[in-house]
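Across the two complexes that follow, chain A remains constant while its partner is chain B and subsequently chain C.
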Partner chain A sequence: MKNYIEANSHFIIKFLASLLVAILLPLFIKTPFPLHVMILICIWAIMGMGWNFIGGYAGQVSNGHALFYGIGAYACGIGMKNFNASPWITMWVGVIISIGVAFVLGAPLLRLKGHYFALATMAIAECGRIIFLNWNYVGGATGVDFLNKAEPGWYTLQFTSKYPYYYIFLTFVVLILLLTKGLDKSKFGYYLRAIKANEDSAQSVGINTSRYKLLAFMLSAGVVSLAGSLYANYLQYIDPSIVMPLNVSMMICLVTVMGGIGTVIGPVIGAIVLTVISEYTRATFSSISGFDLFIYGALIIIIVLFLPNGLISLFRRKQKIRILTPLEMEERMR
Partner chain B sequence: MIIQCIFEGIVIGSILALISMGIALIWGVMNVLSFSQGEFLMIGMYLTFFFNKNLGLDPIISIPFTAVIMFALGVLVYKTLIRKALKGPILSQRLITFALSMVLVNGMLMLVTSEFRTIPKVIFTGTVDFGFLVISKEKLVPLMVSVLVTGALFLFMNKTNIGKAIRATSLNKDAEELVGIDTEFSYMLAFGIASAIAGTAGCVLSYYYYITPTVGTSFLLFGLIAVALGGFGSIFGAYIGGLLMGIVDVFAGVYFNTAFKYVAVCALFMLVVSFRPKGLFGK
Partner chain C sequence: MNSILEIKNATKKFGGLIANDNITFSVQEGEIVGLVGPNGAGKTTLFNSVSGAHSLTSGQVVFNGEDITKKKPYEICKLGVGRTFQIPQSLNEMSVFENVLVAALNRHGSISVAKEHTQKVIAMCGLASFIYMHAGNLNVMQKKRLEIARALATEPKLLLLDETMAGLSGVERKEAINLIQRIKISGITILMIEHVMEVVMNVSDRVVVLTSGRLLAEGTPEEVTQNQQVINAYLGGMTN
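And then the complex of A and B:
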């Protein structure tokens, strides 16, 4: 334990400091809009971290995670509207369904590589969107509106104020951040990185690549589904064009890539920057239709073009990569 | 009825094939999955529309003009964005083309509003009735143009030196630089040609289809899937993939439910990739 703290003191200090800022910041905010932005940051951070497991660590770039986002959102929506079930239960139902779907889809999908995997996941997510759009039980194109039925409170996870949402979502962000941090330096994390670097070599040294890819896929599906549940509870209205379009799938990738793919803190940084840009351009330029998304797209292009390794590369000191001589290596071993 | 469906499917498929050939070209040459191809189609449609409205040009006559403008636009996009993006990771290249499509759609939305437009008068109208098959001439035009463009592309890629250089780039970049071919130039040309093809597709599509800034998205999705269906880097495969996609699309629409077109198309795709993970004609 002591060794662990010593080895990670850098991370722990930064983590506690930013947690303190995140907890205290809302107390100085009096208008609802910045708080709304912060809540969305939490949701996108969870999604980015979820996608990071399969897309960042395992290197299997999925462009269809909106499917799991939608499943999570619908689990809460339908649960509340039709069964009056507490979101605290239905969100885990959504997670289980998502993991199950990921398990079933993973077997055929994860055999594909590179662009093929991306296209296949994209196609599946589009299928999912069309199915939800035409499924009367879940409301079809009109979606699910579950605001009226519930009374505000902890049971229904619906509040009139925005503060409780923020702190609940922040808790989830912290938990998943710690999960990522734990997996980052674990055997699992190294296996996934090995798969990303070279799948055939990983297989040849005895890593069961298909099994670990499937595990990472299921884990990421579960986390993204959780984000979907939280978002549904915050918005209290969902329809397929909000939670399942191609844009959401691409934005999940974008959050991670912008922050720093395959890193612990990258998705959080990406979520902060992307959500701030997105929400503030929407608030500022929405008078002309299309102008806000025009600016948004242009800013994305600029950031991704000039920082292809993510915003985290700004903070990282340049590491000198060099190959150790055998002599140096022996010295290190001692 | 079945013959009619096959015909309609081939018409839609020939448009998809044009888009997917462009995507396959970019994919094969520079290993980028281009999400902006559908938007080039959309811009081609608007160019055709404004040529028709302001100069009275028929879509068929405006094909060369649109193709040249789109080629220039493609080269411009390559020079400003893609060349720099190619130095980064593969995923950021894909995201840049996605963000570009967002910029193009919303830029167009600002310029022309989201109103649906159609081209009021075209030269070829009316139908030819064979008894078992009714062909409307508006739909015959895209089919003919698609076949001609594909033929021209095949000749270009296989018979001319520049085309051979582009194909060589897709095989091995380093070896090509070694024998003294300018890869930069091949890349630029490939991107330009891809966007010119998409523009041409836009021209002929506007013959019978409505025009709106978001029209490219659904064609893009099908085009992307068609490429994956056809197989990596195979332009011929992309063409066949596009046609197949169009036929399945129409059959699902007629015999089941229009909404489940996607599901049918995706089911076909999943079926193919689970047996051949690299597509029908992939190596």
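And then the complex of A and C:
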């Protein structure tokens, strides 16, 4: 334990400092819009971290995670509207369904490599959207509106103020961040990185690659589903075009890739930067339609051009090619 | 001595091409067997069949009394067969240490135990000064060393070395021979593909010669070098 704290003192200090900022910041905010942006940051951070397991660590680029986002959202929506069930329970039902769907889909899909996997997941997510669009039980294209049915409170996870949402979502961000940190340097984390680097080579050193890819896919589906549940409760209205469109799948990738793919903190940084840019350009340039997307796109191109390894490379010293001297070697081997 | 690896009537066809034709031989525990033959003789194909990268068309591979013909590469590795690749397949974005650590996790569940084991293997293979370097930045010789280190870290009983000497200079070759002998002393059986005759003759206890997919000769290095058929196959003489 002591060793662990010593080895990660850097991370722990940064983590606690940013947590403090995240907790205190809303107290200085009096208008609802910045708080809305911060809530969205939390949602995208959870989604990015979820996608990071399969897309970042295992290197299997999925373009279909909107499916799990939708499943999570609908689990809460339908649960509240039809059964008056607490989102605290239905969000876990959503997670279990998503993990189950990921298990069934992952077995055949993860056999595909590279672009084919990306295309197949995209197609599956679109199928999911069309199924929900034509499914009367879940409200079809009109969606699920579960605002009127419930009284605000902890049981229904519906509040008139934005503050409780923010702090609940922040808790989830912290929990998933710690989960990622725990897995980062574990056997699971190393195995996923090995699969990303070279699948044949990974197999030759005893890694059951299909099993580990499937586990990563299920884990990431569960986490993204959780984000969907939280978002549905914040919005209190969902339909397939809000929670399952293609651009949600794309945004998940973008958040992670921009922030730093396959890193613990990268998706969170990506979520902060992208959400702030997107929401504020929309608010600022609302008079000229489409101009906000132009600015947004231009900024993304600039980031990708200058920081191909993601925004996280700003905070990281570049690792030099370093050969140890015999003295250092002896020190390390002791 | 009992045989650790038995290859029985191994045949591998790629469409109409017969890469391995009815090959039978066995490797005894604790020995070094050299697998030689001209280019295209089917040596690497045979290696891939043993390590599970593809399965045989017909025939059988038995490792330590267990039939591994239809097993997957990771299962075969778990049973105790380590392999290197002719073209080094290192995990380029990871450090040298992590490369070996991933392999060490094969037998050790806990990271800290695996790390200790990793350090031993790295020291043995002479890679200690490169542990922080990305595997992608290594040169060919270091990459081949890393291949051996990764295979060793899985704690195999049988090690398959695929041309680990090719492209090495004289001094580097001596170091590599030294490493192979140390691996043998630690109790690991070795089956190696090698083109460099100097190495094969010096380290092998027995030599198996393949040519165009068939087993041509088998015996001690001296026997094999005096075999007329082998000389013909290598020097292109008349075959009858």
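Things worth noting here:
Simple rule for what comes next: the second predicted complex is superposed on the first by the 324 of 334 C-alpha atoms of A that agree within 3 Å, B and C clash if a C-alpha of one lies under 4 Å from a C-alpha of the other, contacts with A are read in each partner's own complex, and residues count from 1 in each chain.
Note that a contact is a pair of C-beta atoms (placed from the backbone, for glycine too) under 8 Å apart; a residue touches a chain by one contact, two chains touch by 3 or more.
Everything numeric here is computed off the predicted structure, so don't read it as measured data.
In this superposed model built on chain A, chain B and chain C occupy separate space and fit side by side.
Contact with chain C, but none with chain B, is seen for A:Gly206 once the two complexes are overlaid on the shared chain.
Between chain B and chain C, the partner in contact with more residues of chain A is B.
In the superposed pair of complexes, A:Met38 makes contact with neither chain B nor chain C.
When the two structures are aligned on the shared chain, A:Pro308 is found in touch with chain B, with no touch to chain C. Touch criterion met: A:Ile130 reaches chain B, while chain C stays clear of it.
By the touch criterion defined above, A:Lys185 reaches chain C but does not reach chain B. Figure note: vertex chain A, arms to chain B and chain C, all at CA centres after fitting on chain A; angle 80 degrees, rounded to a multiple of 10. Residue contacts after overlaying the shared chain place A:Arg193 against chain C, while chain B stays out of touching range. Distance between chain B and chain C in the overlay is 12 Å (nearest C-alpha pair, rounded to whole angstrom). Across the complex, chain B meets chain A through its residues 27, 33, 35, 81, 84-85, 87-92, 94-96, 98-100, 102-103, 105-110, 113-114, 213, 217, 221, 224-225, 227-228, 232, 257, 259-260, 262-263, 265-267, 269-270, 273-274, 277-279. Partner chain C is touched in their complex by these residues of chain A: 185-187, 190-191, 193-194, 196-198, 200-209, 319, 321-326, 329, 332-333. Taken in their complex, chain C has these residues touching chain A: 51, 53, 72-74, 77-78, 82-83, 85, 89-94, 98, 101-103, 105-106, 109, 111, 114, 119, 123, 128-134, 137, 150-151, 153-154. Those residues of chain A that touch chain B in the shared complex are 55, 61, 108, 111-116, 118-120, 122-124, 126-127, 130-131, 133-134, 246, 250, 253-254, 257, 261, 288-294, 296-298, 300-301, 304-305, 308-309.
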